[in-house]
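Below are two complexes that have chain A in common, paired first with chain B and then with chain C.
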Partner chain A sequence: MTNPVSADRPAATSDRPGRRPRPGFGRRDSIVGWLLIAPALVYFVAFLLYPAVAALYYSFTDWNLRSSPSWVGLANYTDLLFDDVKFPHFWKSVQVSLLYTVVAVPLTLVAALGQALLINAIRRGSNLFRLLLFLPVVTAEAAVGAIWRWLYDPQYGLINIILGWFGVPPQNWLNNPDLVIPALAFISAWQCGISMIIYLAGLKGIPLSLREAAIIDGAGPVQRFRKVVMPMLRPTTFYLLVTGVIAALQVFGLVYVIFSAANKSVTGGPEQAGLTYVLHLYLFAFRYDAMGAACAMSFILLVFIMIITALQFKFVKQEAA
Partner chain B sequence: MRNVRLAPIYIALILLAAISVVPFIWMLSTSFKHGHDVYTKVPSLLPLDRKTGEWSPTLENYEYVFDLRGLGTAFLNSVWVCLILIPAKLLIDALAAYAFARIPFPGRDKLFVLMLGGMMVPTITLLVPRVFVTQELGLFDSQWGLIVPNIASVLDIFLLRQFFLSLPGDLEEAARIDGAGRIQIFWRIIVPLSKPVLSVVTITSFIFHWNDLVWPLVVLNDPEKYTLPLALQQLATAEAGRSYYIMAGAAVAVVPVIAVLLVFQRRILQGIAFSGLKS
Partner chain C sequence: MSRRVAGAAAAIALIAGLTACGGGSDAGDSPTLTFWMYQPRTPQAGQIYEDLRKGFEKANNVKVKYVQIAKDDYNTKLSSAIASGTAPDAGVLDQPLVSRFALDKTIVAVPDGTIDESAYYKGALDTNLSDGKLFGLPLDQTTVGLFYNKKLVPTPPKTWDELKATVNQIHQADSKIAGIVVPKGDGYGAWMWPGFVAGAGGALTDDANKKVLFDQQPAVDTLQMWVDLLPSSPRQITDSDNAFANGLAAMMISGPWDVATIKDQFPDLDFNVAPLPYKTEPAGNIGGENGVVFSTSKNAGLAWKFLQYITDGTNNAKFADAFGGYPTNIKAAEQTAATIEPQQAAFLEQLKVAHARPAVPQWIQVNDEIIAPALEKALSGKATAQEALTEAADKTRSLLGWNS
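So, the complex of A and B:
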């Protein structure tokens, strides 16, 4: 990757009289530059920078959208963490999101790697398979939720019917607290197409000479995979792991669709088994009108994501050393 | 010999492709079935009559969700929002990326790093204050409230800038000596050379905003203004248990995006690999 802030060609202005001035980087450039950036900059300040600062401020206040915020210090944070009368499901939602992440991310990565290895092994038809396996990715969350509710239908859903052919008794996937997370994780693995494409790019990047050398040394397919392919794919896996964890911790739209369709009012599924952290956050912000608490939750999430990402980087550095 | 070795690989791929595609076929077939043909013990991937087994598709589910469940309006709303938002966003992003890549001015690189840093903040953290800003601007519960708060994208600016940096500078240099201004250079040289990356950004933006549920969910109240994902979510809640209506609604949301994917598959898949590896 090129350095994101690599410098341009050095500025050279010459105003020697009698010569046509070389096209230079002067005042005019400054004006044009700022003008071109201005719309993006306004957006950045209004919808990124200011909201980030405001979210931090509001997290220390008691606030709904109608009243003006009143300062309460750390009360939102301490209540969320310790007051299980005011926020009875906070820790439950943390647990749900962590469990979902721990189940869904590895499952998705394994599915993606498996698909990429298979596609990489063939010539004819590889574009077609790549396309078909990518279809679920471009599908709207609302549609994914609707389709999978129908597939998971306990009585007439395709999943139970197909499992029935193999003698598996019908399951009430989305109403059994123990099955909610596996059911959601399977949808996540179904949508592994982006990771698959990135793995495929990683596989193409492995020099052919390395594989050939391994074959000459008499390494079988399993050994080649473990000793050549996996180490070469480590940066890709790490990237997908970090982004996958960050995305999984924020899963919201899908569970919102799935569990609002079930109960008309969103509660997060049977025994809150599908009450992910961000669904919980959404409910506080937009149903219970507790914006301050919701902002505090969003900052706890931000800090948590930063810690997890830092830990993952540290872990990989240690592995490399 | 080679074919024998490859056979298991193809079988595995066909199975995986079936898992990925059958849900869509199931969606389509359910959406074309009469209500009384949907709930059968033996699943049928084709819209057949449950008693006679004859071919009997219907469009009544589509008519119902379009006319009585507001999906027609929602479809037009989605089209309208994308028609305004995507070109505006592309222009703003490309101009900013061009300046970041090519026009040196004091403070430019610091600003760019600051923007990249801002991209690291999870969107969920920004959700509540963004709604507040939208409300303060008087855009709450309006389609401009879907457009203005999404009018630029730091990620797209980053991708476009990286591409512009990779373009050779000679042509620009020559144009400048001929007296062309920055804007002229942008339109006459940069844009024509950047068609591949511009189309990737356009297509991925379209897919993202066409599919987006969360932002319309928090900004819109009036059902007349709903975009497709939101209308579909409402449909799925209101008609829970009538999967033929819900699947017709889902098909309306899904089919345009799949059409775009089929037409632009090469660009999209290359773009994913590119942007995935860069970021």
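So, the complex of A and C:
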């Protein structure tokens, strides 16, 4: 994930030379230019463009990775959407991923903003806290899975112990179908470090004069947050929302690690409650011998993500006010 | 996502291509046999493979080249190699994949007269069947048994009735302790379940006549038995990490891999393993790996000879042990039985009555997507065992196109 601020700037400056006459480049320069971008170009074509085009082709075939693919037209797509004998859990996996997105994304944004506000407010030691809060992001996913299995343990887990202080009876977090998604979403909120850093940058970007003006006008902390900070952070929030939704719809590694580690089973937890869309896709690609159908799933997801993203651009306010 | 999956596929293909390049270069006088296998689990295991290789090379004046691949990546890399026409001569294959590979003719049938079938365990040999023909030789096998905490269970239950009685008694004596870790309705539980069904005299399918049988009485009784164990074995207790090893559950169903783990990490636990309790006859499930010969091999005769060599009465004991399973050759198993630890003996005993998975190419999908959810439906009380299995059997018939 790149920082939006730094990603935007080069684009803005590169427009400027257009006004002046272009510096003349000779043919040799252009060869040098091509040579310089060749590694990136080769990488792009070999590892991104070609596989994506190939996957689109395979999505119209019946392919088990071994024998040559046989063309089936749109059958993979129609079977996925309408044939619940071949794909009994396709719609379940859609539902699981949507639910996860709806719970995890807001939770992550709130956690990230909360942490950023706290770090922004303290004078000393903010570097230390920033580091500590960022640690979950750089921790290996397998370790994260193992640690959270212990934290959610129905007998000895820390989460149940803490909830017990408030009189909440112990829960079986990862084995109760109703609690699986909230439990997973909570882990993702705990890993909100990158969003937190971006929010922090956003907070630093709010001119001090605005805050001072608000204080002079008699605005309290709550009013300042609602009328100054939140509107000024709107572009940041929008960016995090869009990228967060895209990432959440693709969640895979965490679920895979959580459910395969202890249950020796990758089938997606109790009653398929943790069978996310991409886990379902993975199972068809690498366990059930149906790479063609898996490719079709990935394109359905691609289209779905494009639609969701377009809707967000249309209906969510993105300009700072 | 599409990019990521496709990117991964391309990367894998590339790696497979590179490995293949490495294999093609050495052309000597004597033929070279390429054999794909998993990476050795331990340095000792690696040494055993090496010794076996040298023994075969010397006796036959040939070269054998091992390509050892991490188990998690093995199937994908093998598929890529087959797709790109660079499949090895022979290789290891997980049992349920044999019928799939046989279906698309990437592996060849065992030539008539190659082996003496009576030298092998029947269950293990059956895992090589596709359409009634053998497509490989069993290299090693494994199964699950009943682990019991000797402090809580002095004599292990032999039958279902004894199992239920023991479980109830334990939980009544101490409500903080669960009688047994009841398997889950997931892919793993669905793999263990047929062993119990066979213990009630039933089977999941009749492959020869294309019939689904797991909506019949033996299967229904088996699932009902699991359901009946739950009140004295609450999930809230058994879902805790290592519930059996921590002494929270008096019994569990698991395989030989847990014997070593428990001995290593919980040295104080006094436990033993017994064969699975049964209703009408002793039985069990089976897992493990087979050796197959790929249809593109130019050394098929030599490949079968090598597979025979690692599964014969003397070598199979070493090979299977290095692989982490039990011998599939009856004579080799006798060697193993003489030196085995007490906790391992029950598995070896049970393998004599173990039943192979249905030889259906789509079986993994049926196991994960149809049987597992049906088990969970009954175990969570959302349907009766009969309802859940009737529905699942109908779905399986539609998926496999087996009408009746």
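Following the convention adopted for this analysis, the second predicted complex is superposed on the first by the 291 of 321 C-alpha atoms of A that agree within 3 Å, B and C clash if a C-alpha of one lies under 4 Å from a C-alpha of the other, contacts with A are read in each partner's own complex, and residues count from 1 in each chain.
Everything that follows uses one rule, which is that a residue touches a chain if its C-beta (ideal position, glycine included) is under 8 Å from a C-beta of that chain, and two chains touch if they have at least 3 such contacts.
Predicted model only: the values in this text are computed from it and were never measured.
Student: Applying the touch criterion given at the start, work out whether A:Phe44 contacts chain B, chain C, both or neither, answering first, second, both or neither.
Tutor: A:Phe44 contacts chain B only, not chain C.
Student: Quick one: name whichever of chain B and chain C touches more residues of chain A.
Tutor: For chain A, the partner with the higher number of touched residues is B.
Student: Touching A:Ser298 in the superposition: chain B (first), chain C (second), both, neither?
Tutor: After superposition on chain A, A:Ser298 lies in contact with both partners, chain B and chain C.
Student: So in the superposed three-chain picture, is A:Leu151 touching just chain B, just chain C, both, or none of them (first/second/both/neither)?
Tutor: first
Student: If we overlay the two complexes on their shared chain A, which of chain B and chain C does A:Asp178 touch? Say first, second, both or neither.
Tutor: neither
Student: Now for A:His89: first (chain B), second (chain C), both, or neither, which partner does it touch?
Tutor: A:His89 sits against chain C, while chain B stays out of touch.
Student: In the superposed arrangement, which partner chain does A:Pro170 touch: chain B (first), chain C (second), both, or neither?
Tutor: A:Pro170 sits against chain C, while chain B stays out of touch.
Student: Is A:Thr139 touching the first partner chain B, the second partner chain C, both, or neither of them?
Tutor: It touches chain B, and chain C stays clear.
Student: Tell me which partner A:Asp217 touches in the superposition: chain B (first), chain C (second), both or neither.
Tutor: neither
Student: Quick one: classify A:Leu283 as touching chain B (first), chain C (second), both or neither.
Tutor: second
Student: Can you list the residues of chain A that meet both chain B and chain C?
Tutor: 46-48, 50-52, 54-55, 65, 149-150, 153, 155-156, 250, 262, 264, 278, 281, 285-286, 291, 294-295, 298-299, 301-302
Student: Which bits of chain A are touching chain C when the two form their complex?
Tutor: For chain A paired with chain C, touching residues are 46-48, 50-52, 54-56, 64-68, 85-86, 88-89, 149-150, 153-156, 170, 172, 174-175, 177, 250, 262-267, 269-272, 278, 281, 283, 285-289, 291, 294-295, 298-299, 301-302.
Student: Over in the complex, which chain C residues touch chain A? Could you list them?
Tutor: For this pair, the touching residues of chain C are 1-7, 9-11, 75-76, 79-80, 82-83, 100-101, 104-106, 184-189, 235-237, 239-241, 243, 248, 361-362, 364-365, 368-370, 372-373, 376-377, 380, 395, 398-399.
Student: Which part of chain B faces chain A closely enough to touch in the complex?
Tutor: Per the stated touch rule, the residues are 6, 9-10, 12-13, 16-17, 19-24, 26-27, 30, 38-43, 92-93, 95-96, 98-106, 108-109, 111-116, 118-119, 121-133, 135, 149, 151-152, 154, 157-158, 162, 165, 169, 173, 176-177, 181-183, 207, 210-211, 213-214, 217-218, 228-230, 232-233, 236-237, 240, 243, 246-247, 249-250, 253-254, 257-258, 260-262, 265, 268-269, 272-273, 276-278.
Student: Note which residues of chain A are touching chain B in the complex, please.
Tutor: Listed in rising order, the residues are 1-2, 4-9, 11, 23, 25, 29-30, 32-34, 36-37, 39-41, 43-44, 46-52, 54-55, 58, 65, 114-115, 118-119, 121-122, 125, 127, 129-136, 138-143, 145-151, 153, 155-156, 158, 161, 190, 193-194, 197-198, 200-201, 239, 246, 250, 252-253, 256-257, 260-262, 264, 278, 281-282, 285-286, 291, 294-295, 298-299, 301-302, 305.
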